[in-house]
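What follows is one structure encoded as structure tokens, with my remarks underneath.
Chain IDs A, B, C and D follow the sequence of writing; residue 1 opens each chain.
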Amino acid sequence: MKRKLKMGMVGGGRDAFIGAVHRMAAWLDGKIELVAGALSSSASKSKQSGEDLGLDPSRVYGDYQTMVAAEAKLPPGERIDFVTIVTPNHAHFPVAKAFLEAGFNVVCDKPMTYNLDEARELRDLVKKSGKVFALTHNYTGYPMVKEAREMIRRGDLGKLLKVVAEYPQGWLIKPVDNWRTDPARAGAACCVGDIGTHAENLGRYITGLEIDELCADFTTFVSGRHLEDDAGMLLRYKGGARGILYASQISVGDENNINIRVYGTDASLEWHQEHPNELVVKYQEAPRKIFRRGNAYLSDVAKRFTRLPGGHPEAFIEAFANIYVEAARAIEAEVAGQPIPKDCDFPTVDDGVAGMAFIATAVESARKGSVWTKMKS
Amino acid sequence: MKRKLKMGMVGGGRDAFIGAVHRMAAWLDGKIELVAGALSSSASKSKQSGEDLGLDPSRVYGDYQTMVAAEAKLPPGERIDFVTIVTPNHAHFPVAKAFLEAGFNVVCDKPMTYNLDEARELRDLVKKSGKVFALTHNYTGYPMVKEAREMIRRGDLGKLLKVVAEYPQGWLIKPVDNWRTDPARAGAACCVGDIGTHAENLGRYITGLEIDELCADFTTFVSGRHLEDDAGMLLRYKGGARGILYASQISVGDENNINIRVYGTDASLEWHQEHPNELVVKYQEAPRKIFRRGNAYLSDVAKRFTRLPGGHPEAFIEAFANIYVEAARAIEAEVAGQPIPKDCDFPTVDDGVAGMAFIATAVESARKGSVWTKMKS
Amino acid sequence: MKRKLKMGMVGGGRDAFIGAVHRMAAWLDGKIELVAGALSSSASKSKQSGEDLGLDPSRVYGDYQTMVAAEAKLPPGERIDFVTIVTPNHAHFPVAKAFLEAGFNVVCDKPMTYNLDEARELRDLVKKSGKVFALTHNYTGYPMVKEAREMIRRGDLGKLLKVVAEYPQGWLIKPVDNWRTDPARAGAACCVGDIGTHAENLGRYITGLEIDELCADFTTFVSGRHLEDDAGMLLRYKGGARGILYASQISVGDENNINIRVYGTDASLEWHQEHPNELVVKYQEAPRKIFRRGNAYLSDVAKRFTRLPGGHPEAFIEAFANIYVEAARAIEAEVAGQPIPKDCDFPTVDDGVAGMAFIATAVESARKGSVWTKMKS
Amino acid sequence: MKRKLKMGMVGGGRDAFIGAVHRMAAWLDGKIELVAGALSSSASKSKQSGEDLGLDPSRVYGDYQTMVAAEAKLPPGERIDFVTIVTPNHAHFPVAKAFLEAGFNVVCDKPMTYNLDEARELRDLVKKSGKVFALTHNYTGYPMVKEAREMIRRGDLGKLLKVVAEYPQGWLIKPVDNWRTDPARAGAACCVGDIGTHAENLGRYITGLEIDELCADFTTFVSGRHLEDDAGMLLRYKGGARGILYASQISVGDENNINIRVYGTDASLEWHQEHPNELVVKYQEAPRKIFRRGNAYLSDVAKRFTRLPGGHPEAFIEAFANIYVEAARAIEAEVAGQPIPKDCDFPTVDDGVAGMAFIATAVESARKGSVWTKMKS
């Protein structure tokens, strides 16, 4: 299929960080074009943002309802092939629902919904619709994260014993006015919803382990804030592995320092976003190995998501774009009326449900005073 | 200006590494579209490559001469706004000359030409044409490289004493069939032309120092090869600073590990492509500082070339794209008949002449047996 | 005082790792000599070990009871000035008690005793005796650990919010026959007693914070083992700070990788034994700083414990020796009948009680199913 | 042999950095005791320094001539077994000569002598004497340096192609009054003599390669200084390998940052004193390996010089002590009238001659204007 996929966007107007990231990720490989949008909950800001982006003014909408109606009326090939949703959390569900029901494929930012009930409902909607739904848990797009998963799948680490996943950042050390700290827009959690879910998703993606129960302690360090800005958890996985997961938004000087360590009976691995092109593998009785992106010795899966030779580093945007590359493969198939390739590798609505279940479980454990709580689903 | 700039490409067909990089760099920010190309010296490969890229077949040309003639006949706004040249070195000059003379702006890969004479002639052509000419010494596009330059401009390091610039890589440890090792296509140098010029350019960009004379030792380690695959040099800069520069293509296990250290009377700095988001500054009587991309404390120039918050790493493609961002600013002005903004920050034809002079000087010093040789210009 | 202090040793015979460390630490600065010992619970092994060490055979004893009686009969200046106890945990208390009651100063390895009751009793014995008692929580001897403490004391980090302390190692991934895994000799905990206490002590030393309550999960991964080989804990400190502490002996490929991160409202710091000469300090709005041992800009306390210029690394033995340096200062004073200098900086019997209380509290929390448990004392 | 070896010291009094290092290195393993000294060229300072060290006043001498005469009169077993020379360079030769001629073994700091002629003469003296002479090129004492040598001996790197050795430090960025900058005491070179020889020795020790010719550029950056404070060199080894070596004392913020990279046809390695417990080995088609001190997978030679388990870092003093350990083994044999064990691993008088030849060759090349100059011997 040679024409570019047509993307619409809900949210992501001027000053919105994540919308710009989605656009760069979509554009990087030259296979997707942005053609329409309801770029802000403010109609005038949407219009201005559309101008910034050089969109045809007739396809810059004042709200998503107008957008979905108008795009649905356009002929196939002209109307959008999929919509990307980059609004605050509380709007994910209604927007996704509207577009799915109108027959559009969806790419959605995370966490997937406002709460677990919405997530379950969205899962049903997606399955019923037969449309593609991709969730941008972008860290799983890093080639060395994929290599890590492949190693574990192959059994290189032996039986998995322990997972330590962290996501510390510091920007909420000061009181800020941001929707992420507003329960009405963010949901039941701030830190755990915004970044804890990334740590959870990264751990699940790499290890394939499922959390059986967890014991969480939430803290709100900045006074006046209504949601937690720091959370620590002990995890017990099905099958006996143990875990520690923490997310923090008051860790002064840490900059989106998501990282993970996985320990097995035969070997251990660690990956840090600060050095995303490296995967460290440790052995009890052999030298450590540093696997580096862009090398011939890596697995096919890591190579498939690599654009540059070794030493020329790839980073966040390329990883994000890898989610789009795979979602685009699925969307192209869907648009063409073909079956979706089975090897498409992007986070799905099921990952979204798992993420919302994780949030709900952690919130419950913390509210009860760090009681071991069975993972919801 | 809202419409996207129209890019043509000479070279960069199937399997060409650097052409794909240029395209990603051009596409990343959504302001440039590829519309035409003579993508290979083989007409059939050019055609296939154009199909791969979804180009209108009528604008995929069998050779650059046909392309320049055909594009020149298209009306402004439809024809390409600039051409990107990503051929082997020996073709840079004739292609650039043809497009400049036909009134097109040019983006060109490095080293700029086949030899110094061509470089000087190209400089004259560019100045006479009034067109934009940008050379993709991409490492200068890294935000922390720009921060380094800004620190030195501000005087943070005091008087500069010493520069150590390295570019080791290992891929030529085996005999390979590649134009870079062919004197007929690469020019008088292999290692120094392909990567030594990057180290030279990086040092000049960051420090502003000019090499006064140099003393070079070239080695060809792989038998049967006609050009050097390793070179070491001692440098003396105007004003008294000293330098060491080396480039190597037989450094097994090094992966494009370009790096630079600059020492001054008050402080020193170092930057490594392996960790491109960090700039280390060292003092004799104070703690080391690690400046990290994406932070509020950086200079305006570093911020201007930053797309993501701290901790979310940016890398090679984003740096490469920063060259395109600035070239595009200049090209947009040129196309609009406006003066080119003075703060546009991309390598120019003068940088290209300096690079070719560096190669010619190093070759001469090495041929004479590592004799101190005054820098040509 | 010019003569060397005379050291006796209980434990530490052939093949005992920690005894050799204590001797090197004692000898390093040329102020302590080993003159006597009951070097093994086997009289013949004690004798052989004494020969290895060039000890006067008349002062190599078959058991500690004989040693304490014989040494006590020697005249001052000839008899030992202090005893170092490097036996398995269960013997610490009776040996320390015997020597204290006979009027000897004591240096003791950690954890201090077999259980908390013994620890409390030992505390009373030490206070009553007026003798010096030093506990070798050696990580607090690192100059950059002392710098960290000084920074926090000065208020550089603002109000402390969070502490993350880890001690992963991997050697118990296989079943081994070692007293540390034997409840009869190690006490109620294996991993938490052997290395968790180091993490606890390091955190307490650097931050001055006291744990209010903790919530622990213990795991025994290797079947047939009677004590935990992995433990994770959530901590709540008095004053509102939170913490995560984990210790693990099944973390394949980790090599005594003790490390700590402390987060405050103004800055954060981290220190890793893998890079002991560095202390990283992070800010939300300023470049990171790397404080490095051996520099003029450090605090007096770090300088006092530094032997070498910057760049010439110091490490484990030097840090261990710093405990001996300070204990020796105190012991010299005690022997001379002078008051013990108030600025002596070594872990005391109170630290030992705190460590045993930590173990007992963690064991109780884990046994109850990770229930928040108030810190014992 | 159970009694401790008796060490005398010439130089190393109060405030002398390197004397203190030698003493710690000698004491660390409990097999050497300091019993005599002429600790300063000032008799009164020698006396005070002897008091500081608790030496018997009758064996603290006002000058080395008195010392050698007096010690020679003492009976074997009471007199010193060897002397350690830690004076400024110009005094090494006469002191070594005096002690050798009086029948004493010698440990000497580097560079070995004031000039190459003295070095050659000393070599003859040593050979004639039959005594042990050890030179403290201490960096060769690091276990991972020994591992590097072993790897190369085994052929792990294939044929060696290139060596890059650096020793930057910054303390001479300011004018200082130190004997190292005084031609009358330091010799013909400052930077190259004091630290360049370490880089040369380290390269020779690890690789076994011999320099065939070199091309050097010396610079004196600090005005009023009579010797170079920075030097860069291109090297050509016998057999075709190439090298770059630089030493600098004006590299602001660098702290004795000696490091080396060795490139072969099959693999490359690098070692940095900043992380002395690691040895990085790089391959073109396999993951990098990090060999870490203290592990079972290392060679016997690395293990032989290791005191602590992995993860508990060893550093400068332990490496220095490893020179003493081996010198002591040789001296014990010499004292006992036995042949010196062939596997003793310490720098010899031949290494000293090589080092002085390196200095003389570099000085000559630099004086002639960076002319390729054949290595003297």
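Simple rule for what comes next: a residue touches a chain if its C-beta (ideal position, glycine included) is under 8 Å from a C-beta of that chain, and two chains touch if they have at least 3 such contacts.
Since the structure is predicted, the reported quantities are computational estimates derived from the model, not experimental observations.
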item: Chain pair, A-D or B-D, that carries the greater number of C-beta contacts; value: B-D
item: From subunit A, the most remote chain by mean C-alpha position; value: D
item: Whole-Å gap separating subunit B and subunit D, where each centre is the average of the chain's CA atoms; value: 44
item: Where subunit A and subunit D are represented by their mean Cα positions, the distance between them in whole Å; value: 55
item: Contacts with 2+ other chains: residues of subunit C; value: 254, 281, 288, 292, 295
item: Contact footprint of subunit A on subunit D as seen in their complex; value: 281, 285-292, 295-297
item: Of all residues in subunit C, those that touch subunit D in their complex; value: 2-4, 17, 20-21, 23-24, 27-30, 34, 51, 53-54, 169, 254-257, 273-276, 292, 294-295, 307-318
item: Subunit C - residues contacting subunit A, complex; value: 161-162, 164, 170-171, 173-174, 215, 217, 219, 221, 230, 232-234, 236, 242, 244, 246, 248, 250-254, 263-268, 281-284, 288, 369-370, 372
